[in-house]
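Please go over the structures that come below.
Presented sequentially are two complexes of chain A, the first with chain B as partner and the second with chain C.
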Partner chain A sequence: MSADKRRKIVEISHLEKYFGTLKALDQVSLDIYDGEKTVIIGPSGSGKSTLLRTINQLETFDRGRIIVDGMDISDKNTDINKVREEIGMVFQSFNLFPHKTVLENVNMAQMIVRRRSRDEAAAISEGFLQKVGILDKKNEYPQKLSGGQQQRVAIARALAMKPKLMLFDEPTSALDPEMIGEVLGVMKNLALEGMTMIVVTHEMGFAREVADRVIFMDYGKIIEEGRPDALFRTPTQERTRLFLKQILKAM
Partner chain B sequence: MAPIDKNHPAAPTVIEISEGAAIPTRRDMGLFTAWRTAFVGAIAIVVYLAWSRPKPYLEILQFIPDGLFVTFQVTVEAIFLSLIIGLFTGLGRISKNRLLNGIASLYVEVIRGIPLLVQLFYIYYALGRIVNLPAVISAVIAMAVCYGAYMGEIFRAGIEAVHKGQMEAARSLGMTHVQAMVHVILPQAVKTILPPIGNEFVALLKDSSLVSILAVSDLLRRGREYASESFSYFETYTMVALIYLIITLFLSKIISIMEDRINVGR
Partner chain C sequence: MKTKNIIRQIASIATLFAAWQILAVVVANPALPTPGSAFLVFFREISAGLWNHFLISGWRVLASILLSLLVGVPLGLWLGREEKYDRFFSPMLYLTYPIPKIVFLPLVMVLFGLGNFSKIFLITLVVFFQILVTTRDAARNVSPALILSVVSLGAKRRDIYRHVIWPAIIPDIFTALRIGSGTAIAVLFFAESIASSEGLGYYLMDAWSRYAYPEMFAGIIAMGVLGYTLYLTIDILDKKICSWKRL
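Let's turn to the complex of A and B:
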């Protein structure tokens, strides 16, 4: 795939971030192209979630530059809310709004941020709820739903904003094993439709099947990246090999 | 004041003492029975005294209601004002803006360190040299300023108790900080905040008796006026105490019913 000829959605250059004296991100540079599916793997504490969260500025960074869809988010004059409107994010812990029904969860930001009317928003919401297969629960409150169902609602909520890029921060890590499949299924469909996705996950099967590119991170650095078959079969770095061995043994 | 799971073995012992009358719940049968005994008993005694010895008891009952109205007026107005002050203080206390945070924190520390009675004197007499406020208004302002500091801490705790993922989810959808607060955080914080606010309500109602010192004709003041004319101190203050008791017990009951209603929705 000649990704280079396509438009860059995210340009990250020489990113550095410190938690106190700990270097959480160390000279990370990464370009994400329109329609590309990137999976980031690595041990816990490797900085993969931190990297993901800097892209929509849930985490700040200390040095470097991030340009999202032409907007430089390191520039103080950039309205971060405008950037975030274009980026959907799915969290490990779902983070649905517990005081709102499923439909209201999906409607809310559309009405407040996109200024859609309730009917307009609801029509869009129902479309996405249908797509993630949970329209029949639209009037339930989140706590009545299983983890897998909640996560699918969270995906619909993000998609309803019609983002150009979707970030997934370990979307299946908090799920019971039998529910992982339904969430990954929704994500695969999304990938097939051509959504640009960056996914932090431990699901190697998903990475192998869906990713255009897999990135291995450790100690806040990108250690290795490549096409999934190449990276999984013949990793060039010792650390990658070690990590993959541990992960695959556990599965 | 993070919610603590009392059933958890590692949970520290929590001694719950509020300033208001204890709020009875069905789980606490001892207190529930005590509430009923006190409430029914107080009403029975008032009725019996008024019926058996109309002079002075019935007279007192007829003399006091004006004051009761003032007590309610001061309480309700002060609660309303203190809620507004408390909301902004709470927001200030969690603000990352150093100036706002500093002002809110200083306000809380200063106010909590000065007795309410002194604050009342200060606003009415000391500040009276600069602006001459009517007694009732001074009283309401002093009570609201004082309770606003306590309410602020309640709001702060309530907002902090909302999981931080909620703010992140709202912000990641493009909402501004204010939009996220209004639509996502505060509606959830209200559930945690209501019970302690109910306590403050009851406490404020009782503390409102302090305003009688500023020549505000509240319940206690009316009692004093009656007593000083009739010299029946024992009878008057017995009635005053019983009426306060009936009101606070009634209020705490209403609050416990409201709490149950909220908890049903969880």
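Let's turn to the complex of A and C:
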């Protein structure tokens, strides 16, 4: 696969971020290509979520450069909201609006950010709710839904913005075990359709099955990266090997 | 379901009156008339001037609550979301919040006279604080995760205020209103009982000074009705506006 011929969606170079004196990101460089599925793994506190959040500037960074779809987000003249419109994000907690129905939840950002009319937004919303298999709940309020269902609505809400890139920040970590499958299923379908995705997760099965590339982070650094079969079977770094051993034992 | 609720409400009120009746019979003193005689006087008095006092008091309370909302909610929203300003204003707030504002009645009367405005001002002064503090704390406690998720969708600051923070604090504003309306009536009574010639507070104190106990109780009933009407209105608005809350 000659990834270099494809378009770069995200270019991260020499990224550094401090939380006080703690180096949260240490010389992180990473290119994400159009259509690529990247899974980031690593122990908690390794900087993987922080890295993800710098891409849409939910976290700032201290040094380095990030270019998203040609827009340099370290440039003060870049309208960060324009960048965010192109990046969908799904969080660990589902963060739906409790005072809006499922359909309204998916409509809202389309209407206030993309300036779509209600009808236009609703048509798009219904399409994505169908896709994540939850259209029949469109008139329910979020608290009537299970965690897995809420997370699927959150995915539909992000997709309805028609992003070029989807970020998933431990999307199944807050879910009961029996609901993890339905959310991963939706993500797998999305991957099959060619969506560019960066996923922070502990679901190694998902990584193995879906990822083009797995990145292992620790202490704010990229320790090792590679194709999932290679990285899982024959990690070159001791720290990767230890982490994988621990996480596979826990599963 | 609906009729059941109405039956429950009526049962609740009936229990209260039964307790009153028993107490009146036990105490057997003119200072505590039975509910029957109090209501007889209440209905007689309503057509003979009590209704006017009721309307004046009602208007004063309502105006105070609206004024408190108008000032307290935006200010609370702002302080709740802008930490550096909150740090400046918080000490001021906490120093003045516990002071019983009714001690300022003499000053308020000197500044604003004996009319409607001085009453409304005093009640507003009390209720405003309750609404301000509740709104501020509610705005401060809006889930950061929820805000981040909307930020990640590209929403601007004012969209976040309008579509995330504002709807999230409305239930708390209703709670503040419920607490505030009780306080408002208590302060109203005080403000109207001194150097006043109108309103339920005046009516009550006037009856008291004439040892007209049944009339005094007619005034008490009117005050209860005023409070109950306020609560009902707040409940209906709450159910309408926050229908998503009760599922």
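One rule holds for everything that comes next: the second predicted complex is superposed on the first by the 251 of 251 C-alpha atoms of A that agree within 3 Å, B and C clash if a C-alpha of one lies under 4 Å from a C-alpha of the other, contacts with A are read in each partner's own complex, and residues count from 1 in each chain.
Note that in this section a residue touches a chain if its C-beta (ideal position, glycine included) is under 8 Å from a C-beta of that chain, and two chains touch if they have at least 3 such contacts.
Predicted model, so just to flag it, every value in this text is computed and none were measured.
J.: With the two complexes overlaid on their shared chain, look at chain A and say whether chain B and chain C clash or fit.
T.: clash
J.: Does chain B (first) or chain C (second) touch A:Lys144, or do both, or does neither?
T.: In the superposed model, A:Lys144 contacts chain C only, not chain B.
J.: Using the superposition on chain A described above, determine whether A:Val183 touches chain B (first), chain C (second), both, or neither.
T.: In the superposed model, A:Val183 contacts neither chain B nor chain C.
J.: So, A:Met195: does it touch chain B (first), chain C (second), both, or neither?
T.: So A:Met195 meets neither chain B nor chain C here.
J.: After lining up the shared chain so the two structures overlap, which partner does A:Ser93 touch, if you call chain B first and chain C second: first, second, both or neither?
T.: A:Ser93 contacts both chain B and chain C.
J.: One more residue to check, A:Ala158. First (chain B), second (chain C), both or neither?
T.: Both partners, chain B and chain C.
J.: Looking at the overlay, does A:Val214 come into contact with chain B only (first), chain C only (second), both, or neither?
T.: After superposing on A, A:Val214 lies clear of both chain B and chain C.
J.: Would you mind listing the overlap between the chain B footprint and the chain C footprint on chain A?
T.: Touching chain B and chain C on chain A: residues 56, 58, 81-82, 84-85, 87-89, 91, 93, 95, 97-99, 108-109, 112-113, 143, 154, 157-158, 161.
J.: Help me check something: in the complex, which residues belonging to chain C touch chain A?
T.: Spelled out, the residues of chain C in touch with chain A are 143, 145-146, 148-156, 159, 163-164, 167-168, 170, 242, 244-245, 247.
J.: Where on chain A does chain B make contact in their complex?
T.: So the residues of chain A in touch with chain B come to 56, 58, 81-82, 84-85, 87-89, 91, 93, 95-99, 108-109, 112-114, 143, 154, 157-158, 161.
J.: Would you mind writing out the residues of chain B in touch with chain A in their complex?
T.: Interface residues on the chain B side: 163, 165-166, 168-176, 179, 183-184, 187-188, 266.
J.: Mind pulling up the chain A residues that touch chain C in the complex?
T.: Residues 56, 58, 81-82, 84-85, 87-89, 91, 93, 95, 97-100, 108-109, 112-113, 141, 143-144, 154, 157-158, 161 of chain A touch chain C in their complex.
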